[in-house]
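Down below are the structures I want you to see.
Here come two complexes built around chain A, the first alongside chain B, the second alongside chain C.
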Partner chain A sequence: MRANVALRRREFVVLSCAGLAAFFAIWALASMLGTTARQFLPPPWVVAEKFVELTHEPFSGFTLQHHLLSSFARFGMGFTLAVLIGIPLGLILGWFRWLDVIVSPLLDALRFVAPIAWVPFAALWFGTGIGGPVLVIFTGAFPPCVINAYRGARYVDQHLIEAARTLGARHWQIISEVLLPASVPSIVAGLRVSAGLGWQSLVGAELIVASSGIGYVLVKGQASISTSIVMSGMIAIGIVGFAIDALLRRAEMHLQRRRGGDR
Partner chain B sequence: MRNGWREPSRLAVGGSTLAAVVVLWYLATTFTQIIPPVYFPTPAEVLQAFRQITVQGYADGQLQQHFLHSCWLVLMGFAAAVGLGVPLGMLMGWSRRAEALINPVFLLLRPIPPLAWIPLAIVWLGLGDAAKVLVIWFAAFVPAVINSYAGVRSIEPYLIEAARSLGIRGAMLVREVLFPGALPLIFTGLRLSLQACWTTLVAAELIGAIVGLGHVLYQAGLDLFPAMIVVGMIGVAIAGGLMTTALGRLEAWSMPWHRR
Partner chain C sequence: MSNIIFDRVARHFRRNGVDLAAVDGVSFEVRKSEFVAIVGPSGCGKTTCLRMAAGLDFPTAGSVTVGGKPVTGPGPDRSVVFQQFALFPWKTVVENIDFGLRAARLPLTERRERVGRYVDLMGLKGHESAFPHQLSGGMQQRVAIARSYVLDPDVLLMDEPFGSLDAQTRVVMQEELIKLARVSPRTVLFITHAVEEAVYLADRVVVMTRRPGRIGEIIDVAKVRMDEHWDRHERVEDVMDEASFVHLRTHIWRLLREQQSRNEQ
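This part shows the complex of A and B:
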């Protein structure tokens, strides 16, 4: 494989920088050439300036950090709710086969309803303040929690369970000492997916129904046709989403290392 | 629980579960009225809303029009994303140079969820179909690229060595070795991106559209018409389900050697 040999470190760095530079250069050029109005495509430095400005000057009531904080509080509530209900439900479904046969068709049917489609009901039932967006985040974050806990419990090595039985473990003992620890890796992997989908659903919910939060910043920026505000909001969303994912990935790796050490 | 439980046919159980849910739904909303009809409609109301939207139309169109329009937009955005994303991802998987050049830009754009592009697309292209196709394209593009890339990387190097030593190169190498080898992971990516496409489309249509299933949901929310909201949600679920099934068929047909 001639093309597929590892590059030298210097070549790699140079090419990576060139790629990024080309990206920003094309962006800057497109906005400087004036084929589109400045308002529609501001150059990168204007967006960066706006981003910094938004962190200390309030926009539609709050600074950027405040908007992010209120979004994050909603996300935390919806995500926690999804974890607290989803993981026990998944474990129970994985353990009791008869329940699984009954509940699975329902979950399968619900899965096809995009989380965002819950927005009208969320607004009708819980209003547009906190409850509505939290329900939408919940519907986004819930399925991966259930499915991964279910898989974790379902595909536990049968030998482990039989061994525990032979040693005289009782039913709930098997659950707490065999089933739960064995399904932890799958659950943590599910948490990562779930957090990503929840964060994305939050953005959607706030775009449609909210009076504060980071999604609301995007809507306001769009309404006043200020692309630099919209882009600043997108950058903030990207940073928080990245941070959430990085945090959970660290937790996952930490867990794997500890489990590896146990054996 | 574990032993002695014979698995009944999935279809029978699924069907009877759904029937039980409908009966429960009827009991809760119509018979006992535990759930007030303001919050959740009765089955009769949903049926009537369904009749209204298919015969007279609702939110500027009949159900068929909304349904087909949404499916059409998803298909266009999805096809454009696959057509561009799969070759780009395969190129990145094949050449370390292309990877080093393109990957950083991807890492930069990837954390921004597709939904966050909707306001930007609206500023650029307005509330029409073009903005929706753009965000759907974006939603499907990233998973298509990443999985094609991973797919090429997952091919055993000795397969490529063997093909090369037999004198296979260029277009034939792509057609006979790289593409089939990457196909299982490519399809994983396509399934992920199809789901992302539907979520994005519904969100974009809720924010502003003239026809489409999301527009039905939006209008029903404005009119405080719970029965129509349910009809819209069922429509979204069926459209998404149909497309996922079609993709599954395509997967089985294109990879007869690969049994999941």
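This part shows the complex of A and C:
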């Protein structure tokens, strides 16, 4: 049994690597064919070289790690804000029907407005300060937090709510001790979506309202028509996004294992 | 302690535009510190009656009063024990029992003392920090009963509490409940479809008819229990062996059977 699982895991890794290798091969081939100017589609090794160079030679004032760090700090703030406001709001909407009826149409409409649409307001309200990017990240990360907390709260086993009510629990105790723990699986799944959207929105925000950060690297690279810098930035965004998701997925799996025997 | 009065209670539901009577014209009283069991075929509205006493459902006609006051919603004065236990899976045994005491904002020392007493009384010692999924069905229901009793409610409402337990566990729990009722008597409304369970536990048994649920007959078990001295027996099976017990049980079975055949015609 155990050997079987290990073998599968090895197969999994091999296949993943094969996929990546195929991707780079096609990329290299497309670049070598020369149908597009080499400058516009640089081969992987040129990009890799640039990537390494960016890690120790400052570009637009900072090294790549530095840009990533300042991006990550903004992401952290926007995401944390979205979680801290979104999850309680979702639970409250899931509990109070009347509030749900008042607020939900507005929220449902707002979530179709792409985070990037907020960029002009971010610029107008906050200038080049930290507030702008944080606002844009927040608008991206907020809806999944609300929606998943709301769904979790709505689908709680009715018997548990009835038990809590007959035991004399008030609204606050039901929300914090019944709805919240019952919604944890749904909330954690929402956090993964939320982090992904937040990280994506961040790049959009930094395209316009920042003077550092990974999105800023993309803009500057584009301005100097250095496609290898743009691609290096894209790769860095992908790697960090993947890392954030992997971290949250681990948290999710850990949680599922711990709650495996519930119900 | 409070009594429960059902006064010409009806509960109608609308389903697909059709009006369905779950319960109709139900009147009876559960007197102070009396144990009343409702038996009846499934779908006769016995659970609906309990839910109306709990304040989880409301009559469309008539009234349900507890301690002279009409029921307007759930409250800790009327504890409910559910068939599905309804324990909080993320809370330990002690935290589950403590839930209602915390809702009542009692001081920590009193909460500890009360939880400890019911952990002892319900034989939960050694399982204090276990989670519900780590316990057997019988143990889970002990926790649920402790969680209700610990609030010292005026009224206990039990909705087929032993319905999902295996036969042996069920018998043990019935004995435990009788013991508990002796230590701290309560006004109890107990729903079951098991006739023997009703006769063994209750002072009076209310037999309900098939939909719409009405009251068929109310049987005074307490009188027979006293006259025939069932209490000298420790075990369920010895009580159930008594001729007077068998007689009552058969009588109720016949009532239910008549219902069945009337319904099939």
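Here are some notes:
Assume the second predicted complex is superposed on the first by the 227 of 263 C-alpha atoms of A that agree within 3 Å, B and C clash if a C-alpha of one lies under 4 Å from a C-alpha of the other, contacts with A are read in each partner's own complex, and residues count from 1 in each chain.
The rule is simple: contacts are C-beta pairs under 8 Å (C-beta built on N, C-alpha and C of every residue); 3 or more make two chains touch, one makes a residue touch a chain.
Because the structure is predicted, anything quoted here is derived from the model rather than measured.
Chain A has more of its residues touched by B than by the other of chain B and chain C.
Within the superposed three-chain model, A:R170 lies in touch with chain C and out of touch with chain B [touch as defined at top].
By the document's definition of touching, of the two partners only chain C reaches A:E162; chain B does not. By the touch criterion defined above, A:P181 reaches chain C but does not reach chain B. Once chain A of one complex is fitted onto chain A of the other, the partner contacts of A:A109 are limited to chain B, with no touch recorded for chain C. When both complexes are overlaid on chain A, the residue A:W45 reaches neither chain B nor chain C. On chain A, the surface touched by chain B in one complex and the surface touched by chain C in the other have no residue in common.
Note for the complex: chain A touches chain C at residues 157, 159-160, 162-170, 173, 177-178, 181-182, 259, 261-263. Considering their complex, residues 1, 3-7, 11-12, 15-16, 18-20, 23, 40-41, 95-98, 101-106, 108-110, 112-121, 123-125, 199-200, 203-204, 207-208, 215, 218-219, 221-222, 225, 227, 230-231, 233-235, 237-239, 241-242, 245 of chain A touch chain B. Residues of chain B touching chain A in their complex: 1-2, 5, 7-8, 10, 13-14, 17-18, 21, 39, 94-97, 100-105, 108, 111-120, 122-124, 157, 160-161, 164, 195, 198-199, 202-203, 206-207, 214, 217-218, 220-221, 224, 226, 229, 232-233, 236-238, 240-241, 244. Listed in rising order, the residues of chain C touching chain A in the complex are 54-56, 73-76, 78-80, 82, 84, 86-91, 99-100, 102-104, 131, 133-134, 147-148, 151.
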